[in-house]
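Provided herewith is a single structure, encoded as structure tokens, for subsequent inquiry.
When the chains are written out, they are named A, B and C in that same order, and each has its own residue count from 1.
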Amino acid sequence: MRNATLRKVPTEQPAMMDSIVEVRGISKSYGNVEALRSIDLDFPRGKLTSLLGPSGCGKTTLLKIIAGLIEPDGGKVSVNGREVSKPGPERAFVFQDFALLPWATVLRNVAFGLELRGRPVAEREKVARHYIAEVGLSGFEDKYPHELSGGMRQRVGLARALSVDADVLLLDEPFSAVDEQNRRKFQEDLIRLRTNQNKTFIFVTHSIEEAVYISDRIVLLSPRPGRVSQIIEPEIDRSVDPDRIHRDKHYLDTVEEIWQGLKQYVD
Amino acid sequence: MNLFGYRVPMMASLLVWCVIWEIVGRLDLMLMLPPFTEVLQAAVGLVQTASWQSATVTTLRAFVMGMALSIVVGVPLGILMGRVKLADELLGMWVSIFSSAPLSALVPVLMILFGFGEKTIVAAVFLFAIWIIVLDTRAGVRHISPSLLEMARSYGASKWALYRIILWAALPEILAGIRLGLIRGVKGVVIGQLLVAIVGYGALFETFSRNFRMADFWALTIILFAFALLIAELIERLEAKVEFYAGARQ
Amino acid sequence: MASVRTEGEALGLATIGRGEARSWENNPTLLRLVSVILFAGIWQIAGMIPVSFAFPTFFETVTALVSMIADGSLPKAYLSTLQPLLLGVILSAFLGVGIGTLCGLWRPGEWLMIPIFIVLQAAPVAAFIPMVTFIYGIGMTAKTLAVMILALPVIVLNTYKAVRNVNVSLIAMCKSFLGTRWQIVSKIILPDASPVIFAGLRLGVAAGFVGVVLAELLITPTGIGDLITYHRSRANYAEMYATIASIIALSTLTLVALQWVESRVFRPEKRGA
């Protein structure tokens, strides 16, 4: 096994890199609560970047601003070099509470993004079936969401996001409503998917282990007001048996170091 | 809604409607709709008349008696249905039938059973109000967490104490049932009086409409509506008071 | 006062049906039968005592019912009662769902309209029925309007609440997948709101029955109401009771049928997602 090294990147960016999403000077307040204060971030193409931090650090708010679902008070977001303020075809969102249509089958749910774009039924169902297989749900096409477990529902949410063929996938704590065993399996699948799909992932989580396990790059946010406190690139070889990663010393060291950094924010 | 940066309460739009009413009345656009101000004047005049005062006393007395009866019968019946399966099975069907049936059709029966008087109105109020009280009480008793009752038993609560706990635990639903029962009771008193037509407000409505005293008719309607809303509002206040622990139960 | 709560929501119709079904798991048909027989038995005994000179026995009432069906007087009365009822309910359904949806989607509409319907829902609008007769006479129009006065508020309020409380997460989802405003309404809001809207329609039908019976008792000497009044004046108490029982039974059967449709059509989402 290759040695994993922990590389710290200065928060003042950008180094020369190909970034697909650029966030500049984003701020957002809710009433008197300052959720985000002048955030500058770059998200490298083809990588999985996690936004990690304790609750109240504004990580979901930031993700939804990138998605165009929340309007920032100031600053701008660019995707592929173009400034965006609304949802667009180059971004797809995976929701914490799945956001599946309860009255629609798995097939229709997965095809829903394409349905909204007015694609013909045959085409969108073909695409949907492909991605249903990709997330491991073949055979469940005609089930309704209430017939599925939490983990399976989130796979539907992921397949829906994949099927619109966006460059950037935005995942808002996708595993928080999934039980522990399913979460582990799902994380492994996500690592596999990322290698296959060649997409950029932006991933919000409050779990340090999860972030270190799956991310190429971790953005640590500090709360009240939400600011970027550190950027970490855990260089962990993920081609090995996933169970070995969890016991890898560098994995454990990274988790510990991040915890030491975050501890001060926990009351 | 926000208007010029100020939050305008929703019910304020009723004032807009009053203005529209006034305009429509002044322009004589609709048959039998006098201007709102005229109706208000009529209302002021109306409350000073002896006939209104005695009609109000009669109506209120029938309403209070009918409501008291339906609460006194309805709440224990609801608790019984919530606790005893057999009672629930035998009565449940009829309670839910009567809670949504066109009870106005039964008022003529009440008239021949109880005569053309106050007793019929009391019975109508009772008949309109009781079913929703039973249903909500039953639902409230059903929703009590079993661990609460087990706790009571494990601390050696007597049967009497146990039922007191049940009553308190189901109180939010019981109050919701009573609020809906009151609203239905008001409808019952009005429908009863309209059909009997010689008692209380029913007699007044009859007189006003027979003699085309439209301002008086509308004034009486407004007073009645205000009374209905006032009752609903009062009970809602009471409900809000018990809600702080109702929320904690879940 | 601003809180909008309709009667249907308050644990009434919508939940009791399902609660019943569960508690009668052991042998629902038998217990229902026992319950009906018990009811008929008590009625029979009370009639035989008799509790009042105007209280026929159960069998007298059933006999009267059969003879009224046979001589055609009951079917004829229903023909004239059900027409305005159906018309009024259909008009209220379209108008009510339309207004309710509009108020749920459009704030100024909500501000202007909803308080009116809250007042109409809580107030004894039956008082308007004599007024309606004055304006529109004693024909079909007056009866239809009486149905609408009672049915419309509950339909509007249920629709409004359903549209207003639509799952915000689904709307965010639709937006993020580039749904247009119209797609959000047609593909998210209306399907998500449809079970509550339908429950409102069911309550509207129940209110419509009240309205039409009341109108016929109060004002228009036709249909079921007239039949009740006529037999009362002739002291044919068995016939009178039979007519009343038939209208209550009809309304109950209609509501049960609607509830059955409801649980069929909206089955997948009733279990939640």
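Here are a few things to note about the model shown:
In this text, a contact is a pair of C-beta atoms (placed from the backbone, for glycine too) under 8 Å apart; a residue touches a chain by one contact, two chains touch by 3 or more.
Every value quoted in this text rests on a predicted model; they were computed, and no experiment measured them.
Farthest chain from chain A, judged by C-alpha centroids: B. Looking at which two chains touch through the most C-beta pairs, you get B-C. Averaged C-alpha coordinates give centres for chain A and chain B that are 53 Å from one another.
The centroid of the Cα atoms in chain B and the matching centroid in chain C are 18 Å apart. Rounded to whole angstrom, the centroid-to-centroid distance between chain A and chain C, based on C-alpha atoms, equals 49 Å. Residues 1-3, 7, 10-13, 15-17, 19-20, 23-24, 31-32, 34-36, 38-39, 52, 54-55, 107-108, 110-116, 119, 122-124, 126-131, 134-135, 203, 206, 209-210, 212-214, 217-218, 224-225, 228-229, 232, 237, 240-241, 244, 247-248, 251-252, 255 of chain C are the ones that touch chain B when the two sit in their complex.
On the side of chain B, the complex with chain C involves touching residues 1, 8-11, 13-14, 16-17, 31-32, 85, 88-97, 99-109, 111-113, 132, 135-136, 139, 142, 173, 176-177, 180, 183-184, 186-187, 189-191, 194-195, 205-206, 209, 217, 220-221, 224-225, 228-229, 232-233, 236.
Residues 167, 169-170, 172-180, 183, 187-188, 191-192, 266, 268-269, 271-273 of chain C are the ones that touch chain A when the two sit in their complex. Listing the residues of chain A that touch chain C in their complex gives 67-69, 87-89, 91-93, 95, 97-103, 112-113, 115-117, 144-146, 153, 160, 164.
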